[in-house]
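Each of the two complexes below includes subunit A, the first together with subunit B, the second together with subunit C.
Showing the complex of A and B:
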């Protein structure tokens, strides 16, 4: 898994590629939390390069989503592959995150 | 030919009657039987008496053994407490044998009339009345079946009957009884058949003695066969059941043998004894077998327990089936008892993720381990349900009653969710490599279940988030169903399995939403106080 960070003003874009599985979930969560604490703006996670999301990956996003919700900030997801979009729709995450 | 038809019809009616009788009695009296059995902790004698009463009420020592096994798993009884109960249940089942030994032709007519009137005038509208009407119908069919069996030999030529009579040696009698009890899984059924056969003159009392002896031992073996894959405590009680039967047979047979050796001619004496009422005498023999077996097993309860443990050591399932919090002693203080029930339910919610496969870590996943956890969690869930029902039956304060009803609702939802997760896991276990849709459903469900486990102890915002995540999914899931119906994802058996998985997922999400709702209600109630 690879995570590239882009700063756009106060907003951060995290470009993720690879598998969001159990071994990668913790580093992914750590990157998200680091991004949340290092900026005051919104965060967008670009999942164009992600072709696999397990429950561990979903939970990492959920943890970040909760933190952003508490801080009253926006966490958005973008460029989801159809298969990945399906798991977000099924799990109800589409109601929690803005999906671009 | 008519005799065979009458015999078969009689047997059919007898079996239907027994099934109806036992099934409806268990439904009508199940809770009361549980309450009776709980008193068994006081002493062995009380345990024996409780078991006798329970056996007489439900007319199935197997059913009492099963209930006692559940109470042991639930930590309410110890195996040692349960042994006299199982022993007593065998004595209790003698009641039906005695009833069957009486000529109840007129009773059948009245019973049928009562059942018919009850149905015609819709007296079966409440669940309890329905069960009792079922009991009456069961009794009527049982007695009717017995009358048919008694009638059958009248159409058999005398010479054929004589040939049959001559063929019953003690060993053949024992084998016939053994086979009949193993097939019917009941010594009392085989003995009732024997009672009917005596009534027709097809066999005499000394033949019947050996048939009943074989039937008694056969029903013990039948219990072991029907125990199937049961392990640990459940099977220990099956062995206790067998010991009751075996010891009863040995004691009574040795007494017969002793009498024979001493020149008392037991065969002739028992025939003479039964000249006026042979059916009653065979009922007494049946009772004697149960009483001697039960008395010896109860008296040597420790030895019985040690032997049963040796044959069936405690299993892992016994450990996971034991409640961690609920305890009947706590019922004297309802607020504490409610706290314990809440903690137990809370623990079960925390363990829900163990019921689902982790498809991302398939190598570490163990279906047998998950099934074991499901059985354990289900047993504790049911024990918590019984605990709450009994608590609600006590005079609770308004506040305690509200909480008890809320916990009961949560416990019922939890049991349904456990079952749904198990069914979902069964679908995924059917695949070496689950298709992408099933993978997504499984991982989404796992995420939501993990969230519930976390939310139960978290701040209220966690519960609110879970409620949001588990809102109605029908739009998304209907779209998936349409795609499946079009054959775009899979065809035939695969599509059917996926449709089942989608429905189970939808049910699980709905149950998760309802469970989260009960957690919010508890949090709101706590905030108010």
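Showing the complex of A and C:
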């Protein structure tokens, strides 16, 4: 898994590639929480390079989503591959997050 | 229905009770898939289902136990067009097939952390069976056309 960060004013884009599986879930969650604490704008997670996601990866996104909602800030996702979108649809996460 | 002899094990993998071992399991499945030219969608669904099942076994299966954990995965073909993985562990008895999938949340505030693994298994697998055999759990996951594998995972 690789995560590249782009800053645009107070907003952050995290470009993720690789697998969001159980072994990678904790470092992924840590990157999300670091982005949340180090800026005060919105966060977009670009998943174009992600080819696999399990419930552990979803859990990390949900933890970040709850933190952002508490802070009244926006967390959005973008560029989901079709098989990743299917996982989001099955789990109901497509309705929990804004997907660009 | 007449009972048929169990399908022979074609490959197996023994892992430690450590979530980092899931990377080794994924590599094993992907190597099998490449060797046998599995459809990408079938591999994706099987890999996801195996990860969800294993994460549960590793995280909860050995709580309050004092014996050495043993987890073995076996690959077999229950039908020519189907793929089977059996997960055998000596953890506490637990039948995931008897658990209900939790309700989907409507917003982030109400969403529960966890509980999606079973939903994925029910979506991606054509059959899904559990048996307690002696002191071991045997969870059988089958990916393939539903009609071809109906009942193949039943003990």
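Heads up, the rule we're going with is that the second predicted complex is superposed on the first by the 100 of 100 C-alpha atoms of A that agree within 3 Å, B and C clash if a C-alpha of one lies under 4 Å from a C-alpha of the other, contacts with A are read in each partner's own complex, and residues count from 1 in each chain.
FYI, contacts are C-beta pairs under 8 Å (C-beta built on N, C-alpha and C of every residue); 3 or more make two chains touch, one makes a residue touch a chain.
This structure is a prediction, so every number in the text was calculated from the model and none was measured.
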Practice problem: Would you sort A:55 into first (subunit B), second (subunit C), both or neither based on which partner it touches? | Solution: both
Practice problem: Quick one: classify A:95 as touching subunit B (first), subunit C (second), both or neither. | Solution: both
Quiz item: Do subunit B and subunit C touch any of the same residues on subunit A, and if so, which?
Solution: 21-22, 54-56, 58-59, 62, 66, 69, 83, 87, 90-92, 95-96
Practice problem: Would you pull the subunit B residues touching subunit A in the complex into a rising list? | Solution: 358-361, 436-437, 440-441, 443-444, 446-448, 450-451, 461-462, 465, 468-471, 473, 476-477, 480, 505, 509
Self-check item: Contact set on subunit A toward subunit C in their complex
Solution: 19, 21-23, 52, 54-56, 58-59, 62-63, 65-66, 69, 83, 87, 90-92, 95-97
Practice problem: Could you please specify the touching residues of subunit C with respect to subunit A in the complex? | Solution: 19-20, 22-23, 26, 41, 44, 47-48, 51-52, 55, 104-109, 111, 113-117, 119-120, 123
Quiz item: Which positions of subunit A touch subunit B when the two form their complex?
Solution: 21-22, 53-56, 58-59, 62, 66, 69-70, 83, 86-87, 89-93, 95-96
